[in-house]
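The two complexes that follow have chain A in common; it is paired with chain B in the first and with chain C in the second.
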Partner chain A sequence: MKIAIASGKGGTGKTTLSTNLASYLAEKQDVVLIDLDVEEPNSGLFIHNDGVVQSHPVTIEDKFKMVPEWIEDKCTFCGICQKVCNFHAVIQLGKMIMVFPELCHGCYACSELCPTDALPMIPKKMGELKHIKTGQLNFVESRLLIGEEQAVPLISQTHKYIDEHFDAETIKIFDSPPGTSCPVIEATKDADFVILITEPTPFGFHDLKLAVETMKELKKKFGVVVNRYGIGNDDVVDYCEKENVPLLAKVPNDRRITELYSKGKLVYKEVPEMGKELDKIIAYLSTLKDGGLA
Partner chain B sequence: MRIVFTTKGTSWESAMDPRFGRTEYFLIYDEGKDKLLHYDNRDSANDAHGAGPKTAQKLFEFSPDILITGNGPGGNATTVLEKTGVIILVGAGDMTAKEAYNAYKNGEL
Partner chain C sequence: MKEIVVISGKGGTGKTSITASFAVLGGKNVIVADCDVDAADMHLLLEPDFQDSEDFYSGELAYIKQGQCVKCGKCADVCRFDAIPIINNQYIVDPLSCEGCGYCARVCPTDAIINKDLNVGKWYISNIKTGSIMVHARLGIGADNSGKLVAKVKSEAKDIAEDEFKDYVIVDGSPGVGCPVVSSLSGASFVVLVTEPSVSGLHDLKRVYELVHKFNIKAGCIINKADINPEVCKNIEGFLQKENIVHIANLPYDEDFTKAMTNGQTIVEYSNGHLKELIAKSWKKILENVK
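And then the complex of A and B:
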């Protein structure tokens, strides 16, 4: 089963929930936690630091995207490549073609439509995937190289790695990027269920509504977790009731949670209230049809 | 000298646009012929990515000697502009095009 943890607003607790839920479930069964926030992955900070069991690296591999490379001798300067590129990653300056690999989406249009094969596609390293195992918890994170702008290809290749290395029954928890743009779509599009985590503030409420609209558009099953419950106002809770969005759990606003987070520690081990909220989420997930938690 | 300004309008009285890649217009002034032309770049607002290199490519077609703008082009646009050999003068974002031209003439940019 694939569970994606997403939010509209950043900083609402995606990583806190992902790492705690994954580690909690892994006390009883095989779980894989995947950090898909490839621009700034941080779930690993909580997995390394809580090593009661020694963690072992399983895999570290380079990930590549395909970008065009200009071969001057073959070029007739017809300008087709520049015209077909939607992202201005190929620019013609008189008798010169410039390629901007960071802007390239790897669509192959310039390369395929070049009449003289002057723009063959070559691999360019965009990031790294790391896979470690600690007890029954597998942890996979992908990290973009500094300067790389395209998160989607790396997220897509990380999904592929997960599908190739874990069977359908294994519980997979995807820590997604914030927002509602392309990387979030890529991170959540294959999920069986999406948990949207927010805080009960005007900002949290505003961005939650965007995230809910996005999940409806993707035709996803989803529910909401309110984090730092007790601050702000009741707008988020009222909205969920009115829109019939399942409210899975309310994590209390508690200074101890913030302190544990700041030390890179898991919360549920020291704050029993967190464990209770995780139990509520797990109970809800267990009720889902087609491949809910066993 | 051919001088290009990034502007929000089409005349000497127009405010400068401090942005390069997403500037609304270029004003192109040919000092030798004392002629002022403009180019409408407003469709750059629709570009999610790569507005800088695209605008730099457009600029290349005007073969200017000097570019006067506000904040200065970003990394990708600069890579293109370096190939064109244009001299880039920044810091004119709060002026009109006329004021920017006078500031250039007085060596203030």
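And then the complex of A and C:
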């Protein structure tokens, strides 16, 4: 079962919820936690910090995207490559073809439509995937190289790694990137259930509505967790009731949680209220038809 | 005219609340650009009137005219994004997977595939309560090309600033280090990094600064919620010193941030105390560094 944890606004507690939920569940069963926020992956900071169970590295591998490379000797300067690239990633300047790998989407059009095979596709490193195991918790993280602009291909390759290494029944928790644009779609599109986490503030509320629209567009089953409950106002809770969006849990506004988070510590181990809220989420997930959390 | 870009790497550090406060402090002399087009929130604090709006088109989406399709499958064969599944015996383009590369249309033997311009969002020019102007946008759900929309918002804000002889454009950037952030950074005179003393805050600050450094832009840093973790706060201060980043200010953890927001106000309008003073000092320090 795949559970994605997402939010419109950043900093609402995606990583806190992902790491706590995964570690809590892993006390009793096998769980995979995957950090798909490849631009700023943080979950690992909380997993390595556990201190109790020894973690073992399973894999560290480079991830590549395919980009064209110009072979001057073969080129006839026909100009087709430049013409077929919709992303201006291949430019002909006199007797030279320039390739801009950061603009390339890897569609292969220039390479395969070149009549003289002068633009073969070659791999270019875009990031790294790391897999470690701690007790019953498998943790997989991908990290985009600084300067690489496109998160989507790395997210997609991470999904592939997960599908190849774990069976369908294993519980998988995906920490997703913030926002509502392409990286979030890529991160959540295969999920069986999406947990949207927000805070009860005007920014949180506004961005939650965008995230809800996104999930409806994707035809996803989803529920909401309110973080820092008690601060701000009632708009988020009222909205969920009115729109019939399941409200899974309310994590209290508590400075202790902020401080534990700042140290990279798991919250439920020291704040019992967090454990209670996690139990509510788990109870809800167990009622889902395709759930396997019981 | 100088361009000040505020970013944070990590979300939720208080970037937008602080940027909106600077917009109020700068008043008529500051044009505001909300470049966090994915989750734009500045309008909740600055009361824009949405005076002008325009659709934003960027990129293309393939569309198969079924009447002309001979079901040869060439389009699906060349598509690297698995965007052309067969549904009910018809080749159909999945709009969320299509990258708009146009390869399918080029290989279709019957010209059954056309590329449609893609509406990815809307952008606005608004009068705001500071007596100035804000350029802002809303990206469509799941849209690609947010970097291009960011570039559009920024270039409009700069044009307005130049036409109206304003001294500053202040840009609220998006979280992360990917395409919208790269787009916000290009052409900046000074970058303000807003961070918090948590292990994630520091981790993300280091990554986003690596990007700023690549662009060779002068940067300063505000440590928000500085008192939640004195140890990490010290580590951040050490990092700033080592990298020659201007340490603009430390702000305390203060629920006035949320209270002001809940009131639809910026902190400098809501709070009269110490916090307001610290933010005013920060703004002054930024202006000294931008000169």
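In this section, the second predicted complex is superposed on the first by the 292 of 294 C-alpha atoms of A that agree within 3 Å, B and C clash if a C-alpha of one lies under 4 Å from a C-alpha of the other, contacts with A are read in each partner's own complex, and residues count from 1 in each chain.
We take it that a contact is a pair of C-beta atoms (placed from the backbone, for glycine too) under 8 Å apart; a residue touches a chain by one contact, two chains touch by 3 or more.
Just so we're clear, the structure is a prediction, and the values are computed from it rather than from any experiment.
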item: Chain A residues touched by each partner, larger count belonging to chain B or chain C; value: C
item: Partner chain(s) touched by A:Asn42 [first = chain B, second = chain C, both, neither]; value: second
item: First (chain B), second (chain C), both or neither touched by A:His206; value: second
item: Contacts of A:Glu149 with chain B and chain C, given as first, second, both or neither; value: both
item: First, second, both or neither for A:Leu93, with chain B first and chain C second; value: first
item: Footprint overlap on chain A, where chain B in one structure and chain C in the other make contact; value: 87, 149
item: Chain A contact footprint on chain C (complex, rising order); value: 9-13, 16, 38-39, 41, 44, 59-60, 78, 80-81, 96, 99-103, 106, 139, 141-144, 146-147, 174-179, 182, 196-201, 203-204, 207-208, 210-211, 214, 225, 228-229, 232, 253, 255, 258, 261-262, 264
item: Touch list for chain A against partner chain C, complex; value: 8-12, 15, 37, 39-40, 42, 45-46, 49, 84, 86-87, 105-109, 112-113, 144, 146-151, 177-185, 189, 201-203, 206-207, 210, 213-214, 217-218, 231-233, 255, 258-259, 261-264
item: List of chain A residues in touch with chain B within their complex; value: 82, 87-89, 91-94, 96, 98, 100, 102-103, 149
item: Sites on chain B touched by chain A in the complex; value: 47-51, 53-54, 56-57, 60, 76, 79-80, 83-84
